[in-house]
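This structure is in structure tokens; I'll ask about it shortly.
By written order: A, B and C. Residues from 1 in each chain.
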């Protein structure tokens, strides 16, 4: 007798989400050195806090510090199975705040609350889901702490177009999460380490009203498939070419699309030598969004506009810098005569992030 | 004076194997976090025992547990140099049993005994070699233990077609190897962790006579070259395209062929959410074989048939589940009108494994 | 008001280098297990000192030993930003000596002194820079030590062709750096481990006047982009295809060129089974150079000529072996009728290295 075939429904659809529904996501992730090496280095990150354990410990950290980009993609990927398995597009990151530092060996677990659903007026099979997620490390241990909290809006498909979905919206929770900073130790010879970071990205160097075109680009290959899987994000549009070959019209570009977390961390990393190297951390990404898809073979570039600088309310050795981070790529366009690309090419914006960093002052950390 | 050229013969040929010959394989392998991260995540494994150190320790393990697939490919690869360097095809895995758990930092060493040789009646340059291999960890240390033992049959070339090879067969050794299981601790709040694994793959959920079509696929790229090398399997058909370019007719598909261990672990991983997540381990793979080759660009899919369920003879908290794991891919076939593929495509079975798992009971591990 | 655009100059040009100028390079690198696994295994290294922690500790090391090739590319890459960001070609490695062993968890930092500059007589926009670099580990800790020191000559562009650059040359520093060797312990049963390394690459086996054609090849894919980034070498010719697409004539082959460190370590690894497996370390690379570029899709092969053998001045258990390591690849050439390649193909030398190893004697380490 032939077996009874089971094909399970995976992920949630628009109509499945209820107000205040809480997901404690499957899996969790222990940050191994393997994961750390792959991502920190893939992202072109240059902050020596993530490269050089001697430098990190001298600044008051326990060891190599996971870059905020890696914390972000690790935590975010934990939510994909429950929240965006049946998504069409990730619309916006909102109020993404960082807390305790993450070290190699920490275990991150994430939960998400459903804040709102709004069916689309123009497309009967789609709607927007608004969620709030919080990532903690080392639950039950002495150093248990919130490492990150954020909201996001994502466009999700209905399972059944004919079902009526009622809109709802509830307030986000007030999650305590602010950037942990090591003490400033006046007895430490920080200047003796200053050659290890870039010389011209201290707080005093960053000038409001400038836009720094970061000098490096990174061509992304089909390596993205493995990188995305390593985050446990098994969303099929990133790793199942067969599915796309069967329905090419249904999928953007007819190719595997690169998980948005990858240009996210790449842009953060590319900004490093000019903006990130002398940051002790990032406090908040107020808003962020992807503006065009990325595919294997594309080359990612980035730029940063310095919007504002502030004294840090508690720390004389640091300053806060508000920036906007831009990611872009280029494509051929025979008719293009642009200012911002070679002739015959056009620039395509792919990513934008409002990003605040806590940056070291030369006065306290260098000569 | 020009130097005397040396080209060494590598690997053994059919006529080299003798009854009862024992190989203590070169190298050995310390399981670094790098190896662990790459493979556990490449394989799409979802069992939190391999992802989340908090979960693993709560269940009684020392830390992250190496998935059986990773133990298998690591141990198996140690045997390639001596046994299958000159093989044409790996025919069958037999009686593959798992023992002590493997953790990051363990060092695995393998030895192999030759059980039999049978020259081919139809092809004068080939024959079948039957071997038995045992992998141990941490030789000489307190926690030295057998982690795995198995037999395999492999089709190997003769070096000299004209040599007569006498068939022989000896009995396998009786190797003590049974799956180590942590104690069930009634005081542990396992249910508080249950959200970390899938909710519907407990022993009580698995129904004899069903076939679960696992929902995910994974396109394998030329990443396989590096993955195979990382296992120290330097068999040239996996990594030397030049050799194939010189003799395309001699090599299947005229392309680098993917090491069988890769679809092996991928199928195990793809079955995770439906079958493997709530297993504490795998007891035995009674038989397994590859039925078609895999190449870069292919997408691997999997399905599991539930064949039988049994109480565990010693453990009330677990049940034993006999399954058959199937791996397949698809290829274009203009004339195909199949039931099990879209029109114009045909399904190609690539892998089969009779697999028994020790699975947690909801009654003991969840609410 | 639109922001003021900043595009920073990156790297140094020929006219920037001054006699005796000292660079303490940015970053530093803590050798994580992730980095270790990727490179040791990518390079096809077979020495069990880098594979098997039990073997390494039995020989007197603290744990897995980083292969000299990995130490080399890690240290070398630290110098790229300051020295060869604007280079056309790396011309020669000179007097590369190894010191203290490098283990997982060690932090490497590098400094470089400018020894000389010589403008090109034939090309007004180029010149040769001669530098001396020294890599140390664990600065400030008890086990701080020199791990490597070397000189190199590199061809660098001028920023402004019209600037006159005066030639200069100063003497190299006398850097204390000799290969650390663990004690020979007559009470250790080394022979019980001897099956873990190759049986025929002891000191007694290596015969002056022979050339060993190593049996393996390795096709390098676009994996090189990620591997190079993981070393923090972000030189754009390795990872920015867009830059090349905009100016294909300016770049060799119109494709991303593979960082020279990659064929360097690959050739070292490919020689392992025949030459390197039973070495406790490499003492010196007297001279080395790349003779043709390498691109994704090329397959690397290697050969070793045994030039001379010597007793070790202090160690009866070891001998010193002078070798020349050759790397090559093949390309189609319709008219070629070579001795050293199949018909229609020609052999292209890509790398040469004068390499001395400290090799175990069978008399002391095996039966």
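The working rule: a residue touches a chain if its C-beta (ideal position, glycine included) is under 8 Å from a C-beta of that chain, and two chains touch if they have at least 3 such contacts.
Small disclaimer: the values here were computed from a predicted structure and weren't measured.
For the self-contact between chain B and chain C, the two sides draw on mostly distinct residue numbers; the shared fraction is below half.
Summary of the copy comparison: rotating chain A onto chain B for the best CA superposition needs 120 degrees, to the nearest 5. If you average the Cα atoms of chain B and of chain C, the two centres end up 35 Å apart.
Shared interface positions of chain C, defined as residues touching 2 or more other chains, are 32-35, 37-38, 222-223.
Residues 1, 3-8, 10, 24-30, 32-35, 37-38, 105, 107, 109, 138-141, 222-223, 225-226, 229-232, 234, 236, 239-243, 246, 256 of chain B are the ones touching chain C in the complex. Here chain A touches chain C in the complex through residues 32-38, 41-42, 44, 46, 48, 51-55, 64, 104, 195-198, 200, 207, 209-213, 215-219, 221, 223, 273-274, 297, 299, 301, 305-306, 329-330, 342, 345, going by the rule given at the top.
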